[in-house]
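Chain lettering (A, B, C, D, E, F, G, H, I and J) follows the sequence in which the chains are written, and residue indices restart at 1 in each chain.
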Amino acid sequence: MKPTELTLLGHSENRLPASPDEATLETFPNCRPGRRFWITLDCPEFSSLCPVTGQPDTAHLVIRYVPGERCVETKSLKFYLASFRNLPAFNEEIVNRVLDDLITAMSPLEIVVSGKFSPRGGIQLTAEARYPEA
Amino acid sequence: MKPTELTLLGHSENRLPASPDEATLETFPNCRPGRRFWITLDCPEFSSLCPVTGQPDTAHLVIRYVPGERCVETKSLKFYLASFRNLPAFNEEIVNRVLDDLITAMSPLEIVVSGKFSPRGGIQLTAEARYPEA
Amino acid sequence: MKPTELTLLGHSENRLPASPDEATLETFPNCRPGRRFWITLDCPEFSSLCPVTGQPDTAHLVIRYVPGERCVETKSLKFYLASFRNLPAFNEEIVNRVLDDLITAMSPLEIVVSGKFSPRGGIQLTAEARYPEA
Amino acid sequence: MKPTELTLLGHSENRLPASPDEATLETFPNCRPGRRFWITLDCPEFSSLCPVTGQPDTAHLVIRYVPGERCVETKSLKFYLASFRNLPAFNEEIVNRVLDDLITAMSPLEIVVSGKFSPRGGIQLTAEARYPEA
Amino acid sequence: MKPTELTLLGHSENRLPASPDEATLETFPNCRPGRRFWITLDCPEFSSLCPVTGQPDTAHLVIRYVPGERCVETKSLKFYLASFRNLPAFNEEIVNRVLDDLITAMSPLEIVVSGKFSPRGGIQLTAEARYPEA
Amino acid sequence: MKPTELTLLGHSENRLPASPDEATLETFPNCRPGRRFWITLDCPEFSSLCPVTGQPDTAHLVIRYVPGERCVETKSLKFYLASFRNLPAFNEEIVNRVLDDLITAMSPLEIVVSGKFSPRGGIQLTAEARYPEA
Amino acid sequence: MKPTELTLLGHSENRLPASPDEATLETFPNCRPGRRFWITLDCPEFSSLCPVTGQPDTAHLVIRYVPGERCVETKSLKFYLASFRNLPAFNEEIVNRVLDDLITAMSPLEIVVSGKFSPRGGIQLTAEARYPEA
Amino acid sequence: MKPTELTLLGHSENRLPASPDEATLETFPNCRPGRRFWITLDCPEFSSLCPVTGQPDTAHLVIRYVPGERCVETKSLKFYLASFRNLPAFNEEIVNRVLDDLITAMSPLEIVVSGKFSPRGGIQLTAEARYPEA
Amino acid sequence: MKPTELTLLGHSENRLPASPDEATLETFPNCRPGRRFWITLDCPEFSSLCPVTGQPDTAHLVIRYVPGERCVETKSLKFYLASFRNLPAFNEEIVNRVLDDLITAMSPLEIVVSGKFSPRGGIQLTAEARYPEA
Amino acid sequence: MKPTELTLLGHSENRLPASPDEATLETFPNCRPGRRFWITLDCPEFSSLCPVTGQPDTAHLVIRYVPGERCVETKSLKFYLASFRNLPAFNEEIVNRVLDDLITAMSPLEIVVSGKFSPRGGIQLTAEARYPEA
């Protein structure tokens, strides 16, 4: 299978950040900075690598937040999440890191991140972290 | 495809407001102004334009409110929502504007507006705003 | 289609009250008047007429209540709800009237009435009223 | 409840045919008379009267057909179906009559009518008839 | 609401074809021209205008085909479908035209197009056409 | 995030084939070679790269086959499917290649491969190929 | 619990046939004896006794038939099915007997009876019989 | 149908208590008497007789409780519930009596009993009672 | 945890066959040997051991058959299926062996056995075998 | 069935602990010990033996906890849960023991364990325990 000819159609988007450290979470001004409202971002296609076996893990991530002065731009979020693709990382670390990185990027008033990972060995793990703590 | 003959059947309803600014949210008296009760309006066919790409966005809007002295008339609401059809607008702005316009039109005691937008790039965004804030 | 022969089989139940004013909500003694418990009546077949177009509206009504000294008899409730069949009435009025009539008939300690009306013009309306107010 | 004032808003649509005999199924030319294709009309709000008890029956009707030279106009279909509202009729007769009336009105190449009636006494009846017979 | 500043972010994609006549269905070579296999394109966000009332209609379109020498490119299909957005067109015509246009564009060995339109007046219409006829 | 210490726990499984060309589909003898029976392998976690944008695609693959003399070993299938992870490939090519590779590996009597890819731009593509052709 | 006072409200329906032998399946003339159409009767509340343990069994029965000259009357069917209530009978016998009794009562052109029994010991049994055999 | 031969297989369980008064709710010691935990018993096969018509009623009962010193034994609960089978009883009485009998039998710290009865005349009744009252 | 006192309640059923070779599939005479009808046995609680890892596998087995002269007795089937509990066996072998053993035990006219095994490593396997072959 | 040859493929994992007393719940350091977040472990394949009949019981266990200094390692949890496989144990004891053992192993800040057991005799039992008590 030689899809090289077709990749010539590829454009400038054609760069996957190698890790979350190399990705950038862009933001834009909140349209109603004085109103406390919720934004939910449903991301069913998350994937990373298991740090023990090196095999792919997949997860359904859900991010819910009350914006402060800024909102996260969804296209940069897509690139950021894609940057975990070849990173070995434990389930719990992923959820906590996404929470930390989003807090750093946009200083939300409130935020919850959950990750529902695909079952392994008959057990399915979900982790959920929030800021500020309940 | 020439549906001109058939549009002769069209009647006076045949005008889509060009934008929310040109639309009118009509109201009628609340039948039980002294009782605090909830009305939910489920609007699964909302559509607008993405301000970045110019392509259509679609959403499922849900409006819940406790009427004050007046209720919104659903046919005028249908025209009002249709007026976003060719408007470039961000998801968050749409939800907040519908909330603001309904507050202006009918002074509800309480109101919640949510918009669940169709996924783009593997991410699905929902925004929810309310008045007064919780 | 002449079903006259078959209606000869009809018996004394064969009278539909012409309006809620002509219907009677019968009650019977609560079997545990000293205990605060909930009864839910799920009525998915409600129908009335739209007061603007004269066309049928249909709704799924749900009645939840904590009985006081008496409970509503479900067969009389069926006749009562059927009496709205040819009545032009707004969605919000129906829900509030059913609430009022049930309060009058049986003096419940608590009661909630909701009506989920079929969509019209792409918008689906649900109204919910309760006594006493929350 | 005196909705008389509000019905003043009613317009010319405000006439419900008293029976199917008084209703008209209007048709319009099939846009592709040379192509054999299917149209499905899903009608979840049908209601009639039980010829034995005089009480309302409700049903979910589904009409599927391959048009010949003409298609049924859906607004006239809505009025036609509403005309059964106060007609005492057995479930089986309703489904067969709707089939017969649609055949007469538009001479479809093929047509199936099913009616799923709400349960009575713990038994739920569905009838389905087609033309031509399989 | 003045999103003008943000639309500066818009790029060259920012042109919605005014009608299907102005849209182009691009194709690319079938990767297995000698194998008879099925491709399904699920398009839940279709919208057009009702030719009678001028109001928006929405539909869920599904396209299934066995490619011949060429496949339809999904981004051009997205633009093509978006071009119906401001076109007054009957439900049956839309389904048949999409079928005809896809046959013209890529000469599939077999193709089925269905459109499930949102309910109007309590009736929901679905149309399905195929080539070659069964 | 420095998971290096934890990856020390990793064992010999810790090698993801760089592409399908480097992966091996292992097989084992069919336990009932004389009986025509079906095996279904449901693989909801497939991922590859879009050859146009370089971004991840995800899909739900389903493989159904009637084994001949040999069956595919599911752990090797897992590694084989994981080898598409960083490969730019069109949806249609993936489904056809998986079909071809499984035919080569185990000579099934009959086999069907389908891939349901996550939506992009409001359109969701599914491809399905089989051997021998119907 | 002494509901004797309330049973005074009971009327002539107050007799449950002691067994299917004592019940009568009444019929009425088929409204379209010349058309081959299907009637489905969905009976989710069936109950009998296990002949081994004497404990209640419950089942969801579905009866589908093409009427000949006569249809089964659903109220008599309700009484007939209720007559199995205190009868010890094996699952397979029930389904076959209901089939036989309906054939005897109304001579349908075609009929299928299925019974989905509630699980016992982790196994759930469904039996389905038809006439004439496929 | 003469299942007498097969009932010879029946054993000592072959006695259905004639009424709840004749049934016994057996209990066994709570394994963690010092911990406040919940047990839910889902009983979808309940049946009794309507005191007005003498016809069978069916219901889905759910019992939730926090055990005190003792738990109810589920096999004796099965026999107890089966003892309502030929008892004429109103829906509300059944739910309240089951609650009362379980309180008497095992003195739970907290208990909720709900019964969802099958629809009659288009209305479906659910009753729910608890101890101690909320 | 010392459940010894409670096991004193255990009776003669307290023996799990150590393997399918030690289990017996009992049968009883078919009540309608001259009629071709289907019996479905849904067994969602099957468990065995993985022959590679020694860990438990679980599966949902479904058995469908047309009885000949005899039917399988469901309690003996429960014991037979439980006898796989500590047997190392491949998924495909289990389904084929259950098919073979049931053919031997009752000589059905037709039989289908399917087993849907719980996912392992992100892949879920289902096997289905039938007699006679289609 | 002689799977002996294939078990030669088995490796060191091939030991199922004979009881929970012989199993070990391994833990690893919590990656965010200062943050209060939830981990959910969904375990649908649990099985044990009924202490009364000796027959298998199956259950869907769900474990939710807020980690303290350590998290439970899911592979050791899988082995621990599998160790109940041949243990006679009451439903309520299982849920309480899993709770106790997890508290001992990792000292969580908060933990909830529920077990939904498969129905027996028409009754389905669920038990749920938590620490600290609500």
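By our rule, a residue touches a chain if its C-beta (ideal position, glycine included) is under 8 Å from a C-beta of that chain, and two chains touch if they have at least 3 such contacts.
Not measured: the values here are computed from a predicted model.
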### Message
Starting at chain D, how many touching-chain steps does it take at least to reach chain G?
### Response
1
### Task
For copies chain C and chain D, work out whether under half or over half of the interface numbers are shared, and give different or same accordingly.
same
### Message
Taking the mean of the C-alpha atoms as each chain's centre, how many Å separate chain C from chain E?
### Response
44
### Task
Starting from the mean Cα coordinates of chain A and chain F, work out the distance between those two points in Å.
25
### Query
CA centre of chain C versus CA centre of chain H: separation in Å?
30
### Query
For chain I, which residues are shared contacts with two or more other chains?
6, 44-45, 55-56, 58, 78, 90, 93, 118-122
### Query
Taking the complex as given, what residues does chain G use to touch chain D?
30-32, 35-45, 67, 71, 74-75, 77-78
### Task
In the complex, go through chain I and note every residue touching chain A.
55-56, 58, 118-122
### Query
Taking the complex as given, what residues does chain E use to touch chain D?
90, 92-93, 95-96, 119-130, 133-134
### Message
Quick check on the complex: what are the chain A residues that touch chain F?
### Response
1, 3, 6-7, 9-11, 13-16, 20, 44-45, 47, 49, 51-56, 58, 78-79, 82, 85-90, 93, 97, 118
